[in-house]
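Read from first to last, the chains carry the letters A, B, C and D; within each, the first residue is number 1.
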Amino acid sequence: MSDLEAILEETRAAIAPKIGTGKVADYIPALARVDPNKFGIAVVDLEGKVTSLGDAHDPFSIQSISKVFTLTLVLCRHGARLWKRVGREPSGSPFNSIVQLENERGIPRNPFINAGAIVVSDMLLGGGTAAVTVDQITEFIETLAHDPSISVDREVVASEIETGYRNAALANFMRGFGNLENPVDQVLEVYFCQCSIAMSCVQLARSALFLAAGGKDPVTGQQIVSQERARRINALMLSCGHYDASGDFAFRVGLPGKSGVGGGILAVVPNRCVIGVWSPGLNANGNSLVGTLALEHLAAKSGWSVFVG
Amino acid sequence: MSDLEAILEETRAAIAPKIGTGKVADYIPALARVDPNKFGIAVVDLEGKVTSLGDAHDPFSIQSISKVFTLTLVLCRHGARLWKRVGREPSGSPFNSIVQLENERGIPRNPFINAGAIVVSDMLLGGGTAAVTVDQITEFIETLAHDPSISVDREVVASEIETGYRNAALANFMRGFGNLENPVDQVLEVYFCQCSIAMSCVQLARSALFLAAGGKDPVTGQQIVSQERARRINALMLSCGHYDASGDFAFRVGLPGKSGVGGGILAVVPNRCVIGVWSPGLNANGNSLVGTLALEHLAAKSGWSVFVG
Amino acid sequence: MSDLEAILEETRAAIAPKIGTGKVADYIPALARVDPNKFGIAVVDLEGKVTSLGDAHDPFSIQSISKVFTLTLVLCRHGARLWKRVGREPSGSPFNSIVQLENERGIPRNPFINAGAIVVSDMLLGGGTAAVTVDQITEFIETLAHDPSISVDREVVASEIETGYRNAALANFMRGFGNLENPVDQVLEVYFCQCSIAMSCVQLARSALFLAAGGKDPVTGQQIVSQERARRINALMLSCGHYDASGDFAFRVGLPGKSGVGGGILAVVPNRCVIGVWSPGLNANGNSLVGTLALEHLAAKSGWSVFVG
Amino acid sequence: MSDLEAILEETRAAIAPKIGTGKVADYIPALARVDPNKFGIAVVDLEGKVTSLGDAHDPFSIQSISKVFTLTLVLCRHGARLWKRVGREPSGSPFNSIVQLENERGIPRNPFINAGAIVVSDMLLGGGTAAVTVDQITEFIETLAHDPSISVDREVVASEIETGYRNAALANFMRGFGNLENPVDQVLEVYFCQCSIAMSCVQLARSALFLAAGGKDPVTGQQIVSQERARRINALMLSCGHYDASGDFAFRVGLPGKSGVGGGILAVVPNRCVIGVWSPGLNANGNSLVGTLALEHLAAKSGWSVFVG
């Protein structure tokens, strides 16, 4: 058993009493019926070596973790023009989100809150169709993951559209401020589809490997984004990746990360590896309860932290 | 000339056209009359070696940078009890600060906004006097800096007290919520005194060296705080160290940092060094305009970033 | 010339220098091209006698004044059940409106802000169609006005729908909180149609006569609403009828009133008469600049005020 | 028994089951120990005739009702200059109060919220002392009440000062925006003293009689304020007299009124009378529970309403 395998086993033992706790997202049936006892974790190192455990190969709804990939894609296409339409600051509570959106005249605080990701969707749409745009996003992730089997869960999409009034409110709000260029329903279709992509812990960790390696896929050698851009995406994940618990995640785990309401978390250890973890029960902040604990334990045991000294 | 000296020279050349720009803080005379053309930078490495340039030995008013030291001291004394009275999340705009303080019933978002630092002052006061508490803070910094000449600028204190209505409002507000235990004027005296401490870039960088070295002063070997705590202070600096420009600083510079309205910035490069920079002109967010540019340039040229990969 | 005619002439002379000032609403073409020099005023007393002047017979877009009629209609149909879904308090600034809507979980502050009127539209819709509901609203106003020629301006409706992103945001927001029961687009169609009703000053004043007469049409003797309900509608107009200038209108004019962005204002003098005034240029609060001045002058000269003593 | 006596008896019977309910203000001992079963009501008509019942002659802490008198006094002294420093709009919830104070740069929304009354205290202070100013306020009320026995309850003052952190926060906040001219502690002393004035229902009603009579004391014939100013004070009471329940009070009672946390309410029936009512238990909005019900019943039975028609 490798050291890492041992640490992962120890992590599983540490979080075992908490498995099944937390509240599974229940705003749509497809999420509500996920088994709350699921737990998987995968670590992919710079050689592409996968160490995993539990349900690390089960696909789940990545939800907001998709925002890391769409941010990367929009930066590839439009570069710094993004920052005229989206900020780079943490957003505070959900309550503050909409207050700030009003106060800041339709400019979302960062690309990892829903409003910001909706602007990113709008930019990715360009003048195109939602279907083509969603295909492009999926293909981009497949390329990153070296896995052609990534797909959108259409049942989740249908439910998201049906219940997505708050996101529709945000989109209309920003359109009213002139910060969306495409028809609201097209933009929302792109947004809901990207949130409905299903991936496993292993796929997630593999697809974000470039963020641990200066923007270059360390296995293939392909430069996905510049080193500077990779650092900056990591910085945004650290500042803004966990909604109003971003500061707490930085404090406890000390790694750039992005969570999704499906119970997944992606975490980057620069120069070393990427971690994907999944457990569906959420804490009060809407982040995976067990996933956060597992990362906290893993980071402490491994010594992985961007703040190490 | 060492590599570092060369990079510092290059940095000075890069920011030279901007020296004297920005707006010097003018809410009190002692700050308003500081020469806007001042610029100093100092790097102290883990052996204690100092590389500096410009006005790096001039003392200036450290203002909010003092919050790093009082946070460290209160954690030494009270540990995690702090987090019952202060949060760990970024605060958004100054406007949002007070909204959030109201919404969150007198619990400030983090120890680096004024309200949070005032709670820290209250905890350091204990049941003691302001004078004794200020002495303790000064002595703590002197110990960290290995320099017994750190002092409080009494002219600045007098002006701060005279004009500090907003901080008095915050303190009374929190007292109304039961989140201050000592008399408001005593707490404010401690707070204003700590902000009025004068230090140079060299002293600043030296005194925070433990944050780059896992909580241990790497020169003397003295463990100031645990490794875990040092990481966490760095995490807080990264998330919350630059008010509502914290996300932007993380994005541009990629290092834990803390700025003060006197024009100073402290930045930590874990495992490597600490940087103190000073230039009085402020940008729109109230952070040193030239200091921020210098750190951005220095980080890019040196490759220093916690997000490097 | 009657006393009232003399006062109206004097009022016209007083406001004459201001005619054409203010900013005509320009968010849709049909409003933007209205002649800014228009000014009309009509007073209808309890015998139904009309005294008018200027462009008092020109139809204009009544916009938010329609909220008085839909509130009356919804109270006739659903009574106090309305108050479970809409409040009765002034809303503060537009900025505060959305903050409060978030803070109060989708319950709008009162039926005269857009969000509140959208809930009223939803209740009027019941399970029916927008077209039938709009016909019912129009017929209700025709009955009140004793004039079968009231109609919806379809060009205005089309423009409202095309540009109404902010109202769409509000509607989706409230739907997300469960405070709308019908499909958002149906509700918005009803809302935009009622805002697009065109009426003249004379028609407006005549149709609200019941509010000056204890809920009974004083000409026909028909009881439209109970006396208590009429008083309460007047109370709401006084508290909330002019957005964030409601307090100022109560202070200056001292009468229950409701303004619309088309430049119309309806004002009720209990026990005496109803006034309709129209001039398209708006003041900074979005209320008719000349219309407000005219009412202030007319109230002062006539001694009409609910606060008279 | 007169008609009015009969209506008051009927009102007492109607509210009897509720006497003793509600929550007595308990933030200071002097208020907390008031007998919750107290209930008094007094009506003073334009001839000065007093009709009263219950504990109508017991003095109680008038608290915020004092704001009506200080507003009147400051208008007498400074006229419209007041409106450069205080607004005339309702304030929404307590939460919104401080948000708005921040958003509107230290200008309180109206003279009946604490922040607004503190600015009024500052203007009354001029360059004088708190003691003299408080004497002037007391004498002004004594003149209005035709009763030289009005006094400040010094025990209440002492408690208010001791616990008044929130008001101290507001005062410092406004001082920081330049909207207070005198030292904060002096201003607060005036403010806390005026709140601590003790008066009975009869005294209250008598002292506000000028507001029912066009600004003239109808008994003595003395013109206290102009007719226009009296109307405007009434308008402000109607719009803003009950904090965030002002709209509801206008809706239910339909009269200009001002409540205090001591359980008193003052209500004006223009051209007819003034009502003072007192019962210490408060409803969720901080207004007298039984007092509000009594006024609602009295207004319904008597037909008194400014919106009558």
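One rule holds in what follows: a contact is a pair of C-beta atoms (placed from the backbone, for glycine too) under 8 Å apart; a residue touches a chain by one contact, two chains touch by 3 or more.
The model shown is predicted, which means the values in this text are computed figures rather than measured ones.
Participant: Measuring between Cα centroids, what's the chain most distant from chain A?
Facilitator: D
Participant: Per the centroid of Cα atoms for each chain, what is the distance between chain C and chain D, given in Å?
Facilitator: 32
Participant: Let me have the rounded angstrom distance from the C-alpha centre of chain A over to the C-alpha centre of chain C, please.
Facilitator: About 47 Å, centre to centre.
Participant: Would you kindly tell me how far, in whole Å, the mean C-alpha position of chain D lies from that of chain A?
Facilitator: 55
Participant: Could you tell me which residues belong to chain D and also touch two or more other chains?
Facilitator: 95, 99, 103
Participant: Show me, using the given definition of touch, all chain pairs that touch one another.
Facilitator: A-B, A-C, B-D, C-D
Participant: Provide the residue numbers of chain B that touch chain A in the complex, in ascending order.
Facilitator: So the residues of chain B in touch with chain A come to 87-93, 95-96, 99-100, 103, 109-110, 211-215, 227-228, 230-232, 234-236, 238-240, 244-248, 250-251, 254, 256, 268, 270-271, 300, 305-309.
Participant: Quick check on the complex: what are the chain D residues that touch chain B?
Facilitator: 95, 98-99, 102-103, 165-166, 168-173, 175-176, 184
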